[in-house]
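Each in structure tokens, the structures are laid out below.
Below, chain A partners chain B and then partners chain C, in two separate complexes.
Then we have the complex of A and B:
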């Protein structure tokens, strides 16, 4: 039995969920997959007074082709992102990122909206979403709004979300047919949080790069790279410079993480260029 | 404040009134007496608490019991009725010394079931990926991996998965 006492709500409509969250915003938490939140509650480091589960709210787990982008519901679980044919065809780097999150059992339960809202600096989706210039769709009892992923992440586990807002979905631009993309990461063992990770989307010689893991919030850069050693080195150096806020923890010092950000940014760009259609 | 839930566990329907502070693993162990799922780390790392939730393995230490109302759960107890009637995966673990202390074994067996349903002929590498969410502190994994490969052979030879 958990030591934290909370009220539990399992609303079956979005309006109801948002109203509950608004009412309980002081001390309440939204629960989706719970793969980060429940361990924190088990450890006693998080003590919510109310939990509003989204797991029984219909309509949050859709995944559709919306023309130039994919629309992915916040409650879509990692194993679906990993294997869905639409994601694999149009945003393969997002499927790649999903496939290396934690382990099979966590991927069965954890959700993309939960990961984005939690905003762990090492979360695999984050550099991908900034590289693709995805849009985060938010909703609260007072309405909806959109925030670009590039502006959504504010600091370590801090986002643009208000206390009574949830991530209802993401709009993820497709990688153009003639483009290529890649996601790469460094972790101590499979399933560990990334020490450094990078996502790249290449169209022609223009590369949109997202770097995560090493920094409090994902870094985005646009670089030009023709695939030559000199251009790759220059792009990797730009990524290194952009990671001046690199932080250290048990998995690696700030210096090491920043050095690895350079290495993995280079690899992501190289692989994205090689994957061009 | 207790909450009502309705769950099917190992094909038996239960209507329960529970404290929302119960995680799924404690519901199974303490309320239903199914002690096969173990509490190892309580942080979603070790996989000793693995159960199947609507046909997919999950970590039951990190899921609220109140949040799975309406779901169907299979625990290790649901795989066989007695020691004389082991599931082929369990049999393969016995024959290949795939367990020492046994603490991680229920999770390993359920992860094997998940793997073989999707891939009945896994390579050793695929086996190791499939159990990356199950930590064993005894065997160094070698016999576990051998057991899973042997289980795959049994299943391919026609034993029901």
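Then we have the complex of A and C:
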């Protein structure tokens, strides 16, 4: 229940939005889809003094083919990521990840930029973005900068974002035509947060692996895997070792989550290898 | 034609599907104010002082109330389940904590403001000086010497206990071929109704009437309890139950907020609305089922169960005025459910802890009893090598043994347990399953089949209770225009009993159901009654309705015979007309007879007949035994529906993830008034059963803080997790109700618990995995697999 006064801004230009955010960086919050922020406000765990909505800022919801990568605006909604032909053709694992986020209503409101900025450890995009070596484009009143996804996530719901910065977009490298990819997750029910999830991009016998859900921030690993049982086991074991700071909660102990990181990493690699063109 | 037995769509469908129902939060009154409740952040704390000045100074705030004012101006909330009558300990529970808060969420203070935003904002401005006290959250620890006491004046945390020996358990264990022993526990859960609780109170100082809209199940009981709590005449209170978005027992009175809201409305002279948030509902809306069992079962080599020794521990949270803790007694009382076992020794401990109190929840303890017995049956099958169904067939109460006197004193009314099990085995393809399983294994898929019985006694009637009561009343009125109003003492939480009762009345009157309007949930217009719980609305309210309709029909037949100038014996009723037998063209219409009654009371057709067409009739259940000294037994339940469930699951042994592939239930609820609505109730019951079996759990940390404040943490199954539910019916009419109805509101819950445990174990027969704790979450199943493999020395 939102019970305290706050200021609400709905700027219609990016520089205006960034200026407002700079002015209100102490206690201000950015609103895009609001799918994580509004529940937090309603539960009383978040009490912003100002809310700057990006929803009327033009140019943040583009999705285009930029040669060797896709450029996806921060305000692109999950259902677009899920269904866009460019994403499905060039980063199918990203579309797969988008398609299993929460439910239909959430996917029509929630944004990829918002999810990345919120950095929930169980968010579906995170292992995909580190597996693909995506770049996060940030902007503030004082300029723009790029951060690799592999360096962007710092801790549970903590990122490289400064208080007055927003995620304006992502550059997502394409999966090569001869490569294959997969995204797999374990969750208790449809739409609930992943206990463990894994993304894999395979080119030849080189696999770029992202593991999420089990750990505070997504884990990235480059492994070599020829598809043999022994090589799959070795890759899965590497994922297991990399998840030593797995955390536990009601849905699974740390021990369980770490074990699931092994199981789902193996499955993602196996499926990515099988999907090679 | 007869309406009873027809699948008539629910009469409220059009209104509810259009979103045009009136739920409590839809009630809007001029000058409405809003109440918010400050809740204890501690599991146990002394309240040293409360400073309300800053909250009162906030613009829009009308009043802040604390425990001291409540103590001075109101009475304790009456118990709905008389603790003294059953030798249990009780407490004086007020609408606000007086000097001590006993669980996280207990109501400490309340604010009424012009709108809900100001009310919630003011909560943050109330300064409470708490002295934190030691809390206990584990029921076993709560029974140990030196444990913190939830109620220091008791000197113990055991609220109620039962130590009962039936037959000769020592001899049974001595002569047994084998004994199995183990533990079983079911998690703390809640009902998660789509509409949380809420109420609106409005005081008219001139009429001196308090009107109280409440998302409740029992308006008349609420009226009586409010009157007692507020110290006023119950006739000065009108309780209206608007549409209710699910109740499941958890909306049985009386919670702290109900009298609190009424008190504030009377104090301020303004209408007050209180609407619970989802987080509050999970925290304070009533919990259930948190029960653990330690069992020993003695058996013969042919699978016959000959003795049970049992320790039952129910973690009932803090003591309150709610009736939920009685579930722990019902669990014991149902044993050994559908089986025969004359020798038992039971030790039941209903233990208080610093957690949310139990309130009634669908299943009311019967679910836990079924879980235990089905786990024991599977355990005996595992030890003897007999088929799981064979052990059950060996132990069933047989169809020719009804009415069956169970060891607890319960008188099981009727049934055919082996028939139901055979039927569900046919539905699921029990005989062919091994081949299916083999084939799945060849594809790398692990599937398993489980079965379980459930026993779900209904129509609860407790001596001395003004809520759990085996009587009810219904009024039927036929208007001069030939339309029919039915006013019931029972209510509907959305389950459709108004439709079933209309069917019963239409049959009784011989009229079209379109003539019938049903009015429920208003103490001003409806006759005295106890509302809905324990599946009583059709079996008690419906029976009263049938009797009242017959009164009116008897009178209309006499008048119709007069109008047709024939003897009543020569009269037939066909399609809304009273006709001369054998000469159907000589007829008078239903509406014409109604008009004749009202318009010619002094005419020849009404000679010697009481005027008007109105009848209020009461129904008292048979097969209830409240006089043990005379009747030789005590039994609170007249009606004993049961079911047989079968499930097929696929288990991912690497992750412990389970998918339910098929789910079948054969249910015997006696005569079914409306198959469509009975099935709809079963769908909900099975879904809640599966939820409790596999997903749901209210969790606390050791300090008594809730870990399940939202649906992100309290995991509920969605439509995706539920398979198509396959239902079969078997109807053994109840001998003690006029139509043979038994009640279907709680069926489907209990069987899910055992069936899913059984199915998951069956999927991995190569390992000796025993599932002993609910919910069957992937992590728990994975851990059980690891344990079993470790025990066998196999690599994990």
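Assume the second predicted complex is superposed on the first by the 276 of 277 C-alpha atoms of A that agree within 3 Å, B and C clash if a C-alpha of one lies under 4 Å from a C-alpha of the other, contacts with A are read in each partner's own complex, and residues count from 1 in each chain.
Criterion: a contact is a pair of C-beta atoms (placed from the backbone, for glycine too) under 8 Å apart; a residue touches a chain by one contact, two chains touch by 3 or more.
Remember, it's a predicted structure, so these values are computed and weren't measured experimentally.
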Chain B versus chain C as contact partner of A:260, first or second or both or neither: second
Taking the superposition on A as described, I'd like to know which of chain B and chain C A:252 touches: first, second, both or neither. second
So which one touches more of the residues on chain A, chain B or chain C? B
First, second, both or neither for A:186, with chain B first and chain C second: second
Taking the superposition as given, does A:4 touch the first partner, chain B, the second, chain C, both, or neither? both
First, second, both or neither for A:151, with chain B first and chain C second: neither
Name the contact category of A:43: first (chain B only), second (chain C only), both, or neither. both
Just chain B (first), just chain C (second), both, or neither: which does A:195 touch? second
Looking at chain A, which of its residues have contacts with both chain B and chain C? 1-4, 39, 43, 190-191
Under the stated contact criterion, what part of chain B meets chain A in this complex? 1, 3, 19-23, 26, 42-44, 47, 50, 53, 56-59, 61-64, 66-67, 69-70, 111, 114, 129-130, 132-134
In the complex with chain B, residue positions of chain A that touch it: 1-8, 10, 31, 34-35, 38-39, 42-43, 51, 53, 55-56, 79, 102-106, 108-109, 190-191
The chain A residues in contact with chain C across the complex are 1-4, 39, 43, 186, 188-193, 195, 250-253, 256, 259-260, 263-264
If we count contacts the way the header does, which residues on chain C are in touch with chain A in the complex? 36, 116-118, 120-121, 123-124, 277, 279, 654-655, 657, 695, 697, 699, 707-710, 712-713, 715-718, 720-721, 777-779, 782-783
